[in-house]
Amino acid sequence: MFFEKKKIKASKLFPDLKIKKDFFVTDIKPLYIAKKNELSFFDSVKYKVDASTTKSEICITTSKLQEFLPKNTFKVIVKNVLFELAKTISKVYPNAHIDYPDESLKTPKKSKFKNVKFGNNVLVGKNVKIGSNSIIGSNTIIEHEVEIGKNCVIGHGNIIKNSLIGNNVVIQDNTKIGQKGFGFIPLKDKNLKFPHIGRVLINDNVEIASGCTIDRGSVDDTVIGKNTYLDNQVHIAHNVKIGDNCMIAGQVGFAGSSTIGNNVSIGGQAGISGHLNIGNNIKIGGGSGVVKDIEDNEIVMGYPAEKLRYFLKKNKSNE
Amino acid sequence: MFFEKKKIKASKLFPDLKIKKDFFVTDIKPLYIAKKNELSFFDSVKYKVDASTTKSEICITTSKLQEFLPKNTFKVIVKNVLFELAKTISKVYPNAHIDYPDESLKTPKKSKFKNVKFGNNVLVGKNVKIGSNSIIGSNTIIEHEVEIGKNCVIGHGNIIKNSLIGNNVVIQDNTKIGQKGFGFIPLKDKNLKFPHIGRVLINDNVEIASGCTIDRGSVDDTVIGKNTYLDNQVHIAHNVKIGDNCMIAGQVGFAGSSTIGNNVSIGGQAGISGHLNIGNNIKIGGGSGVVKDIEDNEIVMGYPAEKLRYFLKKNKSNE
Amino acid sequence: MFFEKKKIKASKLFPDLKIKKDFFVTDIKPLYIAKKNELSFFDSVKYKVDASTTKSEICITTSKLQEFLPKNTFKVIVKNVLFELAKTISKVYPNAHIDYPDESLKTPKKSKFKNVKFGNNVLVGKNVKIGSNSIIGSNTIIEHEVEIGKNCVIGHGNIIKNSLIGNNVVIQDNTKIGQKGFGFIPLKDKNLKFPHIGRVLINDNVEIASGCTIDRGSVDDTVIGKNTYLDNQVHIAHNVKIGDNCMIAGQVGFAGSSTIGNNVSIGGQAGISGHLNIGNNIKIGGGSGVVKDIEDNEIVMGYPAEKLRYFLKKNKSNE
């Protein structure tokens, strides 16, 4: 929907694979949501449950991991799953590895956006949808196909692309949503840029303050749950999923692919490492560095973050 | 001045209160500056001195705290002071809980701004005042009623609202000043947004670098003292008061309602928790997390920050 | 090139100096690159090797440090080198201490930029050069004399000044490059702003994400080596030099004048203090605070950062 997609047959994507009944690879998705003809990938034993239950019938993986995949899934065995995946996505989605600025941006026509108020110099791409009673501040850019719900207040100077935004969402000023995440295969002289074909999904009643950056997903989506509030200068990397009713204070950063539950509050400048599972009803103290999973109902603090009682014990004042 | 204000009688705001001689609540202010007919609030014993000397004759508080207030102050006794306060402010100031983009923004008329230079695509709201010899860079937005002094250099892409700015102030590029702070009453499904009726006051000779965010006060103001310099990507939350001649390095963050004295220097990426008193002539090391008050003339470092000699003792190299 | 420069004789810059054969001070440069008639400065024994081999024949220094300088270098002996330097630069470069917005900014003429695509509302200063097949997104500002190479993709809302950018460079949205750094001589009531006459040099194949700030050098340049990638909200202070093939994750901050080698990867929210030498092939963990030099091939983590094995030993879980 947001990116140009080529229709390519499995036999053409992977010429070395012996496929009896060839088929078009209809999309590329993570294991847990891939459908039959959608290509998936499996690169860490951490995702073995998803692997064993995937519906995908064609999956890039390693010789070691292949045993976890269903019998009727074609295994594309490689050494470096992400490298092969990046190359394959680039074939199917040739324009998702660089954020080429949307060339369809134009001043919005009032007739196309009923009951929407626009400030000055707003630019809107083709097929953008904005719900009634929403307001878009000056100098804001909304790229093609983005959808914004009803009763939203989007401030000045925001840049939004590759995103679906719910109702009653407030975004203050100068926030960037939907840009490509920080993903690439390091190569000398010229890294291989990892194409990002995911989206940013922002649910109802979310509030996002100023100067934030929310990257779109690489293969999966980046998601912000309903009624979650983000303070200024928060950074959310690709594929992060934040639950409902969370409070994220200023300058917090999330590395890629972590999942945060519901009712989680995170103090200012805390950092959450990548690929973690943070449960529900959790409080993370300001300035903490979270490097491992957290179970429901915990309070943690510190760098590296640990249960509050341990942190307090260690940091009894010397004075 | 920045927000639409309704004239409402005390009896109408608080129908359960038995008021013999009714009066108009003229404004809503913190204890220490509230005048006779201005509503105040008192929610923490930390402010008991302000409570006992307040001139406000109508104050939201709890049954426990009411004893600290003057005899002739009407006490509006509630369980949750901030919840009641938020609801009451919303009645008096119906538009301060969301930053609705200023609809009066226009290209400035040269005739109205004598001796002011404007870049391209500058937008200025109604009743904005800018002193002579000031320069406003391109794509900068200055919302209604903002006042900027003489000899100021405001760079490109800044967004300024609800603020009063002194003389000889330099603001580089893409800084956001005066937006609503991160305040709300957490409620399931739909938080109650705390209206922000305070301002940002920036004194003479201040320099603010690029990409900063300075939130306006909730009930009080956010203040930056004269000749204080801020580096890039600094975040200042609502109600923070920074003194004169301070040096705040890059990516420092201040949580809400802390007070910083004069001649304070803060190293890069340090964080200052909320509701703290930081004295004068203090040095705070880079990356520190300050979680308690600091007395004058101290040097602190660490997370949590402690006196430098303790930090150094603890962190003697192992190598 | 980027700043107006006055031709002033050595005798006029330093009237107290007894110069037999007067000459024009042609520029002001750091010791290691200054040519014969270029003024230099030497304020820390850390740079004694550079001092002893400098080609500069006129140098501001202290009476203590003068012995390290070559015999035929005129020594301008002062108490506060940086104070004298700031005053001297201001005489030679009268407009480098404040970022006056470029008054030559205009909508680019298609005829002047062949094979360059521009979005809406782009502003370009005089003598800007952009290579073929480059794309500039909407609302981006490129100030006078900036050079951008071929095949670059510069997104929306970027602000670029005083910079030379190579080929195949990608800059996402809302990044600020080339502004004055955080340098001043603290003075009561009105600090002396340190003029910044350096540039930002960005080499081929670099990728810079959204919301970053990269300050130009003060006397030296700020440099980003080829094929180095920066994630969102990274802050790079003046004079920082980053090598080739580095990976800098989100919200990392560099204080001024540090040098980073090649193949260095830095985790999210880490901070690098000023004036450090960070070698090659180094991994710095997320959230680390680096306060001393690091030798080649190390892995460090922590605040203050230390070798990984020490960090792990200290932070064995209590749980």
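In this document, chain identifiers A, B and C correspond to the written order of the chains, with residue numbering beginning at 1 in each.
Following the convention adopted for this analysis, a residue touches a chain if its C-beta (ideal position, glycine included) is under 8 Å from a C-beta of that chain, and two chains touch if they have at least 3 such contacts.
Just so we're clear, the structure is a prediction, and the values are computed from it rather than from any experiment.
Two copies of one chain, chain A and chain B, touch each other, and the residues they use overlap weakly: the shared fraction of interface numbers falls below half.
Its C-alpha atoms fitted onto chain C, chain A is found rotated by 120°, rounded in steps of 5. Chain A and chain B have Cα centroids separated by 33 Å. Shared contact sites, meaning residues of chain A that touch two or more other chains, fall at 121, 139, 157, 174, 211, 233, 251, 269, 303. Of all residues in chain B, only 98-103, 105-106, 121, 123, 139, 141, 157, 159, 174, 176, 179-180, 182, 184, 186, 188-191, 193, 211, 213, 215, 233, 235, 237, 251, 253, 255, 269, 271, 273, 289, 291, 303-304, 306-307, 310, 313-314 touch chain A in the complex they form.
For chain C in complex with chain A, the residues that touch the partner chain are 117, 119-121, 135-139, 153, 155-157, 168, 170, 172-174, 205, 207, 209-211, 226-227, 229, 231-233, 245, 247, 249-251, 267-269, 286-287, 302-303, 315, 317-319.
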